[in-house]
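The structure's right below; bear with me while I get my questions together.
Note that the chains take the letters A, B, C, D and E in the order they are written out, and that residue 1 is the start of every chain.
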Amino acid sequence: MLLEQIINGITLGSIYAIIALGFTLVFGVLGIINMAHGEIFMVGAFVGVTTTGVLGWPLWLAFIAAIVVTSILGYLLERFTLRPLRGKKGVSHLAPLISTIGVSILLENLSHHIFGAGNKPFNTSFSEISINIGSITVYLVQIVIFVISILLMIGLTVWLSKTKAGKALRATADNLETASILGVDTKKIIILTVVVASAIGGIAGILVGMAFNSVSPQMGLSMGLKGLAIIILGGMGNVKGAMVGGLILGLSETMLVAYGDSGYRDAIAFIMIIVILLLRPQGIFGSKVSQERR
Amino acid sequence: ACGGGNTTTESNSNTGEDGVLSAKFGVISYLTGAGAAYGEAITNGLKLAQQDINALGEVNIELVIEDSAGKADQALNAAQKIMSDDSITAIIGPTLSTEFFAVAPEVDLNGIPILGTSTTVDGIPEIGDYVFRNAVPESLAIPAAIEKAVERTGATKVAMIYGNDDALTKGGFEVMERTAKEMGLEITTIETYQEGQSDYNAQLTKIKNTNPDLILASALYNEGAVIMDQARKMGIEIPFVGGNGFNSPQAIEIAGDAANGLIVATPYFGESSDPKIVEFNEKYEKEFGKKPDQFAAQAYDALFIYADALKRAGSSDREAFRESLAETKDLEGILGKFSFDEVGDVIMDVTVLEIKDGKFIEFE
Amino acid sequence: MVLELKKITKNFGGISALKDVSFSINKGEIFGLIGPNGAGKTTMFNMITNIYEPTSGEIIFNGENITALKPYKITEKGICRTYQNIRLFSQMSTLHNVMVGGHSQSQSGVFSSVFRTKAQRKEEQLLKEKAEELLDLVGLLEHKDTIAENLAYGQQRRLEIARALASNPSLLLLDEPAAGMNENETDSLYDLIKTVQSRGITVLIIEHDMPLVMKLCDRIAVLNFGEKLAEGTPDEIQNNEAVIEAYLGKEEDEVDA
Amino acid sequence: MLGEILNTYYLQIGSFILINIMLAISVYVPLSSGQLSLGSAGFMGVGAYTSALLTIHFDLPIFVGVIAGALAASILGVIVGIPSLRLSGVYLAIATLGLGEVIRVIFVNWDSLTKGSVGLTGIPQLGREILEFSRGLGFEPAMIGIRNNQFVFLSIFLVLLILVIAILWFVIRQQNSRVGRALQSINMDDRAAESMGINITHYKVVAFTQGAFFAGLAGALFAHVIGYISPADFSYHRAVEVLIFTVFGGSEVIIGSVFGAFFLTLMPEVLRFVSEFRYIIYGILLVVLMAVRPQGILDANLLKKFKFKRSKGGVR
Amino acid sequence: MLKLTNVETFYGQIQALKGIDLEVNEGKIITLLGANGAGKSTTMKTIAGLLKPKNGSVEFNGENVTGLRPDQLLRKGISLVPEGRAILTSMTVLENLEMGAYQRNDKDVRNDIEDVMQRFPILKERQTQMAGTLSGGQQQMLAIARALLSKPKLLLLDEPSMGLAPLIVADIFKIIKEINEAGTTVLLVEQNAKQALKIADYGYVMETGKIIIEGSAQSLLEDPRVVEAYLGRKSTS
């Protein structure tokens, strides 16, 4: 059973990690917690349900559709809720928090109206494929999820630390004004970031739909909260932290259910962040930026 | 057809121009938010009943529908809004027991009759003299289902899973646990999940390892169907017994074949060949474009119960209405003969159903 | 002796910002701390006010070891500072900035504030009068209701001094107060610091403006790469070969002297 | 006359508005010292459960229960406030949000005490207690020409109104004082504030605890107004809703919290006629208004224009 | 090369520039003097595109560039070293320098980075240190070095000597002279008016958002109004 539970934990953890990556990217660059990220993820899942279920498209096309739709959503989010707040004098740092909450409420209720309340099945033959190793069954979806999460993490790490665009992104994150006088088209960089983060959310949405066969307008919330807990756990704006934090959370939730009291499953994420923050206020991988000099 | 036609008191002030006795009922329903599907079915059932009743021409009913969003405080606001209208005779709803617990004492205190059509948790009619329900409580339905399931499968070991952060599923679980213990079943493990969860693999893996014969799942159909789906994928093929919230055609829609083997007790059997039900199904589907569920059916009956009480009371006066309501006996509704017991709770037989080949059938 | 620094060492990871630096400051004097960029001057201020704790060494203030005291305790003891990069309460009025400076000089708490006890009202009045007097001193009285952020750079620097003075320090630490000021403004800064001194306050100043430092200071210590290079009167320092080499530069290097 | 004017529905909404104002202030006060606390739902729950359990099981008068509830919340506030000092900005926000979730999960799981998710029923209702009490003194609502249930809701409303006024008075007075300036300076630059001799630990904990107290108070009152509580009442949604009150109304000025709670509690009621779309409208409203007035609806400048400004310092 | 006509810039309601006319000729060093709050930094930010003027126009090499973004202006060759050393605190010293050459794609970037590090040896030594933990003066050097790497046609320097040790100040002025001789036009804001005028060709003096005096550097050095207001220090050591 332990092995099976570990596989369960890694699957869940990888999904958490992918969602957290989207949060971390936006936070890293804009210093904003995108409260609508969970709902963008949810939309991705619904695009999957609609394209594979209603329209009967093949899975790969569904992925592309989800990426396209969530990218567009990301663009709209940036254009209409984040950009108007940027560079204005006297903007409360809470304003983006609230307006992204507004977007999340909007998206949740819109999809409720469009798709109806409750769970929708995500039926693909792909999620039926499994491999038996000894006495345990591993589904191909589980492997795919794990591989995608690793690839995304490596890809993002390399992109951010090695490429010019990645550095420009970090410069923008550090100081928008400075980045712009150094020649960075910060507007473009920000759009790029939000769009990439949203697309990652869309991918996560399809993966969750495939893995758990449940898609509902409310799914964004609980996943979103977990994602938030993870980026705090791993350290804000830190790609490696998101990955490790996601896996830790996925595994500990699963182990809690397996060997402890499943009633506390939803609390474990937060108990962990409370404990970790008390030991390391900047998260596991977060770096302590010296504020004294600013 | 009972109580006799005594609505001839011409002088009654509630009588409209055409001499028909009329009354206004308030409805509090869960119309926005995660569980809006329940409220929608209920209001649909009520609207259909309203049409049918008014068409009969004996009484004329007006409905004032307010949304509660499934939240206790908003339900209370809705109730106050309804109650501030003095011409309201009685109230139907709210949808959830948690809302009902907040609303009913207040309504009771104001001397306004209130009827729960979907509130299945224990202790509802006991709130006060003006509080009634026609929903079949979990404490009645669940034992019936478990008994039948055990009887047929010969199960001795059961595993349990329930949503512990929801009043209904928690209440249902308590009934299940009690029943299982009374029946001397061995409980192999008790697992919980939380609202909105999508991954049940950890719990199911654990359940699978304890080798039960039966799974008692106190879950709303949303989560319940997904649990069954994941269980079947994992190779758990044993039957599930569910409670009130699990009993929905939606379960089949979500889980597909995986829903086969779900056993529930219900006052309403949609596939029944009973002509009343067939007719109701047809009318409902024509009007709202989808199949009714038990909540729609119970709501439909509820308004007939009100209409009947109104007729017998002969006036829309709250006091008179309450009295005749409490006396409701053997009223023939689509769900069968209906009576209230002395506290105002439902007296009714339930049918145990099973999903087989993607359909609810009677479980014998 | 007001302040005594004993063998202060500070390492940041691999970088050692201060190495065994010792010097002491006498009561009532203006003491200059100079040295090349990165020599460790600001770090020394951060040690004294315990923004960072020293890796080793002791800080003695009026005979008391204050090395590990919380920053606010140090202020209560009578040390207050200004920052190299201005750190005003930017959204607050000038007057309120200075009144916050007087925090340690007052004590009314939640209860007396809410009920406006007599003592509280009196204290508030005194605090305000004191703040206005200090604003007058630094020439900002007419701007007392201006939001700090909207002041020009030089004004902000003077406001920082007034705010620090409000805590009634016996030792005032100034980190490059003349940065960004032109010569006229620097001259009036000179007068201000002299006035401060005349009130019996000891001043420790970091500054790169050599004419100002030489004219103002009674004694000077020079840091270089975290170590003390020299200490002495302005005359001695100006003629110290090592200091000229490391910091001041030769005549032809166009030091404005 | 009076009996006709008093509409219990309006009084009920008015009461919820007042409770929400308390909650909004419970976010505002820590925020005025730079601490974004999303723990209000949790503290509210602690207040509600404490008071409900005490009054149900020990027959304590409601006002004792309410005070105990508020104190229990503030004790918890101190306990979590001290370690939370090391956290800033979003870290604190998420940690306190997490705290609220943990509290809720404890309520769900601590069955023997809280009856889990089923919740506590039969909590003594504030208005009815007052009615009984005044009857004991020989007073009957009919004497002033109103019905019993009108009296019940009127008395609740008045009690809450008095409390809200007292809280506002407290917070405003505190703000225009040495304590308030200390909190503001910590908000603007805590390092510099500490260098000015302000014990930031002390003041941050004071503000955090006051927030917890107000939330606990609101929670306890909520329990005795609604008469039934369950863990679902203190979920993430509540925390977010309260934060929105404060920020939407304008987090710079306390009047913003009052306005935000007022407006946003009223809105779903006003929008009942489009009930299916009201949350969609709500979402759009948040986005649009934040884009137009990112500092919230009310801010210091706007107040100045409206000449709300009081002689000394204004209502900041 | 650069021409400002009647530029007016606002901070919200506050008008910081009240109609600035200013011209910078190719290959020259122009200096902008003025008391605190006169509007010098505002002028620089307006030229660099960080602030958008409400009225008036900015022309660069005959082209109207009013209202362009900073990155677009950099592409045209205008680079700003802002007041208060806006470095990227969470990036390393080396990354800061690399960002200086962000818009360049030529192969010389590596070499040029080596070159500027030669000029400011401390930067070489601290390559991998987070820029935010540098001392004030070190940050200032980094900001200047970084701007050089963009190889601008017009370099805007806002108080480059602020917070620098005397030796380094002297160095900085030398460097300004050098890069100017190598073909870069410089617009310099300095509190150190005497030294600025010594290396400049032409100067403007601002007061409360307006230009009140202009003339050749030499004439300004001798202008009694300038002497009195900005060079008036009687004191030498």
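Here is the rule we go by: contacts are C-beta pairs under 8 Å (C-beta built on N, C-alpha and C of every residue); 3 or more make two chains touch, one makes a residue touch a chain.
The UniProt protein names, listed by chain, are A, D = Branched-chain amino acid transport system permease protein; C, E = Branched-chain amino acid transport system ATP-binding protein.
Remember, predicted model here, so these are calculated numbers, not experimental data.
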item	value
Minimum number of chain-to-chain contact steps, subunit B to subunit D	1
Most remote chain, CA-based centroid, reference being subunit D	E
Centre distance in Å when subunit D and subunit E are each reduced to the mean of their C-alpha atoms	52
Subunit C and subunit E: spacing of chain centres that average the CA atoms, whole Å	29
Interchain centroid distance [CA atoms averaged], subunit C/subunit D, Å	43
Inter-centroid spacing, subunit D versus subunit A (mean Cα positions, whole Å)	32
Multi-partner residues of subunit D (at least 2 other chains)	105, 108-109, 191, 276, 279
Per-residue overlap in subunit B, given as positions that touch at least 2 other chains	32-33, 164-165
Set of subunit C residues in contact with two or more other chains	51, 85
Of all residues in subunit B, those that touch subunit A in their complex	32-37, 40, 164-165, 191-203, 205-206, 209, 221-223, 225-226, 229-230, 233-235, 250, 253-256
Residues of subunit A touching subunit D in the complex	27, 33, 80-81, 84-85, 88, 90-99, 101-110, 113, 221, 225, 228-229, 232, 236, 261, 263-264, 266-267, 269-271, 273-274, 277-278, 281-283, 291-292
Complex contacts: residues of subunit D adjacent to subunit B	7-13, 16, 104-105, 108-109, 116-119, 121, 125, 128, 149, 153, 222, 226-233, 268-269, 272, 275-276, 278-279
Subunit C residues within the subunit E interface of the complex	12, 15, 35-39, 41-43, 84-85, 150-155, 176, 179-187, 190, 208, 210-211, 214-215, 234, 238, 246-249, 253-257
Subunit B-touching residues of subunit A, taken from the complex the two chains share	1, 4-5, 8-9, 11-12, 109, 112, 116-121, 123, 128, 137, 139, 208, 211-214, 216-219, 221-223, 253-254, 257-258, 261-263, 265-266
